[in-house]
Structures are given as structure tokens and as C-alpha cells.
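Look at the two complexes coming up: chain A is in both, with chain B in one and chain C in the other.
Then we have the complex of A and B:
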């Protein structure tokens, strides 16, 4: 007696080729079918090919990534702090709060300067311009100073023309421009009042025409929520950088929608990205408590700004006018000022009573403003000597 | 503490890296050799072991991280706020005092990363215990919470009271010292997880990220994802890279050149308006002034982009080009910018206007570009879009940058401006620093009528925003 006698063969019409054959049961997507042995074998090998393809693609991607890292490393002949050794140290900085703006009834989430260097727009959990949602996480001033854009948990970016006529209801004049499928995390006008770039929790960025609300270009590539973006100050004005929860910072070509460069060295969500004033590099602030500088021509990370005593994530970063100083607001209520070239911390600023959520240097570089969950905004400056 | 019900999904612990880091600090603080000096603390008649003083905590942090006492105090205060260190004497307020005030390290059982989010049932039991133990022990907001919970979980209230009584009974069997410590630990845990109204909640993380997978563009590791990665890597491998030394040197020269122009690094003359309340600096550097400052004229020499971004600089350059009969180049460039950033609806009109003025054979301001670019551009005009003039614009931009711009910088016109530009003398420090000018808010750009632009072609919100 052998075991093979227990194999029962059903004879009938194959579910695939319909020929009269000896059939055996097969399961395709949890549905039971009866295939003849030829069709069953074909199915088995197909499945094998599919898995092979996926596995081989994955290994090809990994090996290419490895090669890319090698290429990047080949040209890395010196560290920034080594080159910066011959630069004069900045010395002691004294920064003082010059204005404390109290007017928000709740957490300040975002702010932007007007090009006139003196006005600020800020958004919070409750908003002065009546909004349907509670968290307004993004806001931006139009270059002309005549409008603002904001959005948040309503998944939209709306543009409000600014009016000082008390009788006008600002909410009535609002125009919904962008529509995402998840929250809006950041927005910025391009060089004019007529185009807006947005970043969203749905993992995409998008460029919109303000007047018609038309989507001009969308940018796909992030594997998770996109949290921040910044437009490049380059001559050709064609690129922007975005950072997201997938720990990646990606540089995009606005015209083609393609990702031009990507950097993945952070260990946690990237909360903020900002270009270095020359446009050749950008800084990022992340929940891993570090800020990093990435050079676009060298195509790599060139500096890390971190300290053992800094434990909380950096929520917002910005450069001073010359790019020598990097201001970063953190979730432990402090602001750290870094010497970009030497990599050392120049100053730590206290004063806020809750996390610093947003930080921007004024357009003419005379001061910087920080907004916090403690409901206030502080405008600060100072220098290497006390005034 | 009752074993609470299954935790509702909050922000995953992996997304709160700061908690892990704080825990590492606190663990090293408790190291028997290298940690903070422990002592026994006397509280009334009880002696509590393993206590530390606020002062010792601050000094240890200052030494370990090589930071100032102010920063060490802040870091310690943050540890207390998150409940990793609690005060023994005044457990109501999570504040770090840099003196002899005694503190203790929270037991890992109550760490936020082990026991979060806090369960309602547990809070009810805790409040019930306090209420039973000593009438009137509950503070106002606690009483409110207690009543609310009573309404909400009235069906399980017997369980709550039973658990509370049981825990109190078990506690009585402990030594007084242990009882005190456990009470402090528990109180701290609840102060962190259910802060009193007005106190900031340190556990609040803001809007949830990456949680709504339903409406999410989910990048599953499919074949497409890898194909995209491979494509990106191939493109990236073909890119030319620059040596780090070259790139980094560029930063040095950029920062060095711009340093004197950076108010936060070098100050600004006559004074920083935010500090002195004197608008003079802003008035002198307004977009269009009769006499630009020397620093500003210097900046026009830093890069072509810098020159174009300044409305005055651009106007001067336009004048210069006019003298060389090549003003149409700059006008063309401005028109291209207008097309790039303008409204979608305007595209056909703008493209047509540009063609008529600059590109058509025999056009009034015909621009001189090479035949291949011209051909390609004219071809592209059939289907106008924002970027249809990019090639031509780049050609003209490069022409101006490499040819006209260097000549401008060497010209008498520019040199003259540089010489004329007022060099500000250091204003003597005000004798009476307390006299302040009354602060007037500046008029909003939204109210001002659009200023009439001088010779430079008017770009509506194109280029730089003029206040």
C-alpha cells in the first residue's frame, strides 16, 4: 500500500482552458477553482515570476542606492567645520525681545512676514478670519502685501484679500484655491499673488492658479505627510524643497513635477525646511532634535547642528540674511541660534512658555519673529553687543 | 493602579523620540556612581530615601551637558514637567526649584512611554480614592472631572468605588514612607496626564500625522514604487557633483561677503528700528529712494540676481541698458517673468503680447537670440503655457548677466552711484535712551495706491513685491 492511493482526482472541465482533464483544486484570491495540471503549473510559475520580479526590483533599487551613496562619498573631501576653522568666531550674542504680540486666544501655529518688513500674518487654533476648522497650520503673505493665504485641517488653502474697511466681511471675500485630500501643512506664494504652492498631509505638493483654482502641477514622491516647503531663491526660480514624515527632503522641478534630488538622513519627521540665501543649500529641522544642512551641488548632507542637551524636536528654522546664523525653534520652548559655518551653538533663547511652533527672519534681516503655543509672538533681535 | 482597558490608538511612541531621550537622561541621573547625589529626605516624621535636591539636579545637568546653569535649570524643569522627576513636598506644582527642595525620580511604571494614554477608568479610581480618603481633598477642577466621570461611567461606578477602597486598604498595609512616595508618584502622573485648566499639556502633540490611512496616498512597496526609485537613482547617478571643498568654500565667501549687510550679525546704521524705535533705517532703505545707501549699491555688485531683485537697482540697470540700446532685453525678461507667475487665464494674451512686441519679425523691440532658440520658441508658441518662453528667457538672462552686467558694474554710472551714496556715520549713542518716539503703525500695502513705477517696466506683482 502506498500513500498515492489517497489522492483523489476529479475529472471534468478545467476552469481556465475548459478542456476535459483530470482536475485539481487551486486557490486564487481565496476562491477555489479547478484547474487541469497544465494550467495549475502555469499559474504556479507565474506567481513565482511575480515574486521574483518584486524581489529583484527591490534588490536593484537597494544596490543602486548603495552606488549612489558611494558616488556621493567620493567627492566628500572635507567637513564644513574644518573649512570654517579659519573663519572668525562670532562671540557672544545678546538677543532681546522687542515686541510681544498678544492677541491670539490660542496656540500660534504659523506666521509670515509681509515684504514691507514690518507686518506679520499669523494663524492659530482659533482664527480671526472665521474658518470652519480649528487648526490653521499654514499661512502666507502675498508678495504685494494685499492678500493672505491660509489653511489647515479643512484640507483647503484659501486666499483672503486684505481689506481695512470695517464693514467688509473678510470671510465673504475668501477664495478657496487648493483642495487636498488631507490637511494643509504649508503654503507659499510664488513670485506673484497669482500662484500658490501647497504641501499637504496627503503626501503631495501642488501648484495652483489663484484666480481659477486650477491645479497647475502636482508633485508626488513623498511616502507620507509633507510637512513643509520652501521656494528656491535661485536665478531661474524653478525649484522648491519639501520635507515630510517619511524623513525625506525632496527638491522638485516646478515645471516638470519631477523630483530632482532627495536626501534621507534625518531620523524622524522633518518639520521645517529653508533655503540658504545663496540657493545652493538648504537647512532642515526635525523631530530627531537636529537641524541639518544639505548642499545641492555636492548632493549630500554637509553639517548637523545638534547638542546632547537638546532633546526636543526642532519645529521651525530660518537663516539670517548672510546665512551665517541659523535660528531654530524647538518643542522645549527654546530657540537655539547656530553658527552655520562652525557648527556650534551661539545662543539659546528662553521666554516662550510653550513650544515654539514657527519662526521667521524679517525680509530685511533686522529681526526675527517666533510664534508659540503660549499664544504669543515675539519679535527679537540683538547682536554681538548689547544695545 | 487598575490594569486599564486597551489603550486607544494615540500617536505611536516611535513618533515621540524626545520621551526616549528624556528617559535615558533620567536613567543616567540615577546611576549609583555617576548620577546625582542621593540622600535621605526627612519629611515631618518620615524619612524618604533616594531623594535629590533641586540644586544638585541643576548642577549635574550643567556639568554633564556642559551648559550654563540657566539652560540646565530649563532642561531639569522640562523633565519635571513631563513627570520624570517629582517634588516631594509640594506635589501640586511640577516646578524645579534650584535649591534644597527635595525631588525623586518617577518610577518607570508611571512613565509616559509605558502608560499612555491614561485611561478614564484609572482616573476615576484615583479621584475616588482621594475623595474617600479625605473629604475635600479634591480641588475644583478635580471635583468637576469626578462628577463628569460619574455621569459617564455610572454603570461601572460600583467597580470604581470597589477598586478605590481596595487600593486604599492595600496601601494601609505599607510603611508610611512608601505610602507617601506612591501617593506622590500617582499625583505626578495625573498632573501630567490630566493637567489643571490653564496649565499646558505637555502630552499634546498637535494635529495627528500619517494617521488617516484611508485618504492617504499610501506608498506600498509595490513594483511601481521600486521602479520609481530605480529611475530616480539612475538619474541621480548621472548627475555631476561638485567636490565638498568647493561647495563649502562658497559658503565662506558668501557669508563673508554678506556679513556686513546682515543686521543681526553686524548691526545696521543708523540704528535697528526694532531697538531704537526710529524708522530712519526703513525710510532710507525704502524700495525707491532718491539716494540709495552705500551698502545697498554695493549689493548690486554681488550678483546679477541681487541687482534685479532691488527695484532701484533694476531701474538703474534699465537706464544703463537704454544708453546701450539693449533695453529690450530687460523688458523681455520682465515680460517672461510676468508670464511665468501670472494668472492662468492671462497666458494666451501675454504670450501674444510678447510675440508682437519682441519676437515677431520686424517687431518694435525685437530681441536678438540665436536662430535655434528662436525657432524652438516660435514653435512652442502654438501651444502657450507658463513656461513656453523659458529657453528664450534663459538665453537673454545669460546674455545680460555675462555681458551687460559686468559692463554696468564698471560703468561711470554705477561708480558714480557708489561714490555718491551716503556713508552713514556712526550715530552717537543717544544721551537720553528713554526718550522714545511714539510708535505709529505703518500704512498697510493693501491701502496704498499702486505706486507709479519709473522707467522700469511695470511688473504687476511680478519680480519683487513693492510695498
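Then we have the complex of A and C:
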């Protein structure tokens, strides 16, 4: 490291030990100091030790990653579609658009169903609920149906109590709950109206108390913007999954703030994640034009839903009630319906005139709604015509 | 020191990877079988899969009936 010969012609007080010694110049963070030879040597060896520590940590991390892959691979004895070979194939699908909702003046970005299955909240790139910013990227219905939460480029998540009284100004009763340092990409109430989970462009997720606005837990681990999240369906479960621009899907324990499982098989941003109805798996939709299924107990990806002809990113995914169908909205304006078990596409739905940005199956599973940049929302239902 | 910060970050990463490596896993064959079983058990309730009997569709256009 020190292969230069210093001409010692300075004598004075060492900048480190302050003893009167022959001094040599040393550089620490581009600042020039004068150290005695002893202190200079100590600094050199400390530097070496730090580099060693860094190097050994890096190699430990690499070997752990390798071990993780090995452990996962050991249990990869079969593919999901092989197990599903004996399952009866699905016949032709017919889906009909029952409602086309044309109220938005601009791109529809997000939507959510009310538990009563008859109302939908949707957000768009405009001022429908007098939001102080243009892009409202996330919205969610409270479980009780009495409030909605939304947020976007304002970096906040605000809760609006719902009223059907035309004289009441909804914006006046709004309550700011979450504060991030970058845009809000997704939000969801937990099992009650009292807590909200948010995901943000600042790379974190957070759990907030609605009443006090207090931060209850934060979730760090994503290496880039978090774009989506979904809560595990079980009443007792306390986990959620998030997907981000770092191509990772991460499963979190809500109480400890710990990431319990992480999956990195996508080749681009993950735009949407959704739990399988049983809670044992989740699906993801990504800009790499694929959707994937990850099983939580096998701790690995178990299926990829893709076709060579599909080259546009999937923006939004959701399962049908039984988990047999995966609906995915794409940036090429279509919705592909996948057979989750067999891995094949059973239907392709047209109708939107621009990107499909959001898609949700109704809580009772009888219909699904898609929102698009073409300013509309379409509610579809239908069923199989068995052959 | 700037290298101190990255050593910290690496330490966190190592701890996190140890946690993830220690997760209990089951075989894909078993996991797949259970996913399939859930589908089969709930298929009859899945309206988008099997359709609704003609009379009970809440979204269907109302049809008038002419009484002779």
C-alpha cells in the first residue's frame, strides 16, 4: 500500500497522537494530515483490516446466496404444470363486459372494490376528490366501506370518510395519514379501518395508525421504488408481500418489520403482486412481460405465465375465487386469462383502447373490473362453456 | 468512514441471508398438490370459472317479460 519513500523534513505535533515526532503526510478522505510514522502505520493496517472485513463479508454473502439457491433447488422435484396434468382442461372462455364506467376525465390508475361488491373506488390523473396533486396512483376502500384512502405524487396517503350528502365537502374532512419521502405507489387497509399499509417510491413500506397518523412499523429492504403490495388473506396472518423496481418480491412480517422471504427471478420491475386465495402462494406481474407464481412453503417460483407473442409488461394481476384463473392486464391494452395450474392461457380479452393499468376481481368473485389509460373502467363477468 | 457504512450494510445483508436460508421448506410436489387441491375444492364456488345460472346474474341486462 505504502510503496513511496517519504522525505521526512517536517518535525512537529502528530495530528493523531499529538506527540512531537518526525511527520509524514497522509490522506484521509482527501484531507491532508500529518501523522508520525507509528500512527501512519496503524492507519495503514486498519485500512487493510477493514478491507479484509469487507471482502470476507462479501464472500460470506455470496456463499449464503449460493446456499439459499442450493437449498431451494433440492426441493424442486417437479413442475406445477406436471402435477396438474391430470386436471381437466378448461373449455373456451366467454367473458362479457357488463358495465363500462366513463366518468374519469383522464387515465385511470387504480381501483378497488367495496366489500359490499356494488361500489368501486377508482383514481386517476385528475382532481376527482380535489387531491392536491395530479397523479393519484393508489386508492383503497376501507373494510367498513365508510372511507377511502388514496395518495400519489403528493408523497402522502390520505383518508377520506365517505359521505353521500352532496352538500358535504369530502376534501374538508380528509386526514393525512402517511408521509413518505417519495411518491405513494400503493396503499391498503389492514383487516380494520384503523391501520393502513403503504408502499412508496422511497423504497420502503410502512404501517400507519389512521387515527393518530403514527408510524407503527417500517419495512426496509427493497433496493429501489416499491410499486405494489398485497396483504395475506388469512385473518390471523400478519404478513404481506411487496414488489419493486429492484425486481424483487419480498414477504414481510408486519409485527417485526422483518423480511421473511425474498424472490428475485423477474427480469424487470414488478408492477403488481397478489396473494393466491389460500395464502400459500402469490402471483406477480412485471415489465418483463411475464407473470409468475411463487409458492411460500416451497420458497420458490413454481410457474411462469408467458408467451413469445406477449412482449408488453403486465401492470396488474388478480386471481379468481378458487385461484384457478389468473387475470392479468397488460400495457398492450389486453387482458390475458391464465390457467394457474397448467400454465397456459385460456383467454385474451380486448376492449380497452389504451394500457390496462389496474385490475381487481370483486370480493365475491362474480366479476372483475379493469381500469385503463383510455379513461374507462370495465366490469366483466362470464363463465366457461364446457366442451 | 465511508467503508464503515458499507460494512454495516453488508453485515445486515449477511444476517438477512442467514434468516432466509434457515426458512423451512417443503417439496414443490407437495406444495403444487396443495395448490391444486385448493382450486378443485373451491372450483364450484368460482363464478368466473363455472358461470352463473341464467337467473341470478346481478349484472345481466334486465329483460322484460311479456305476459300473454
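The definition used in the following text is that the second predicted complex is superposed on the first by the 376 of 387 C-alpha atoms of A that agree within 3 Å, B and C clash if a C-alpha of one lies under 4 Å from a C-alpha of the other, contacts with A are read in each partner's own complex, and residues count from 1 in each chain.
The rule is short, and it goes like this: a residue touches a chain if its C-beta (ideal position, glycine included) is under 8 Å from a C-beta of that chain, and two chains touch if they have at least 3 such contacts.
No experiment lies behind these values; they were computed from the predicted model shown.
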Touching partner for A:373 - first (chain B), second (chain C), both, neither: first
First, second, both or neither for A:255, with chain B first and chain C second: first
Partner chain(s) touched by A:20 [first = chain B, second = chain C, both, neither]: neither
Chain B versus chain C as contact partner of A:354, first or second or both or neither: first
Chain C versus chain B, contacts on chain A by residue: B
Which of chain B and chain C A:289 touches, first, second, both or neither: first
Partner chain(s) touched by A:193 [first = chain B, second = chain C, both, neither]: first
Intersection of the chain A residues that touch chain B with those that touch chain C: 53-54, 57-58, 60-61, 64-65, 67-68, 71-72, 75-80, 83-84, 87, 90, 98-99, 221, 259, 261-262, 276-278, 280-281, 295, 297-300, 302, 320-325, 340-341, 361, 364-368, 379, 381-384
Touching residues (chain side chain B, partner chain A) in the complex: 15, 17-18, 21-22, 25, 61, 65, 67, 70-72, 74-75, 78, 200, 206-207, 209-210, 212, 215-217, 219, 221-223, 226-230, 232-234, 236-237, 239, 241-252, 254-259, 261-268, 272-276, 281-282, 285, 304-305, 337, 340-345, 386-387, 390, 394, 397, 401, 442, 444-447, 460-467
List of chain C residues in touch with chain A within their complex: 1-4, 6-7, 10-11, 13-14, 16-21, 23, 25-36, 38-43, 45-52, 57-60
Footprint of chain C on chain A - complex, ascending: 29, 50-51, 53-54, 57-58, 60-61, 64-65, 67-68, 71-72, 75-80, 83-84, 87, 90, 95, 98-99, 221, 258-262, 276-278, 280-281, 295, 297-300, 302, 320-325, 340-341, 361, 364-368, 379, 381-384
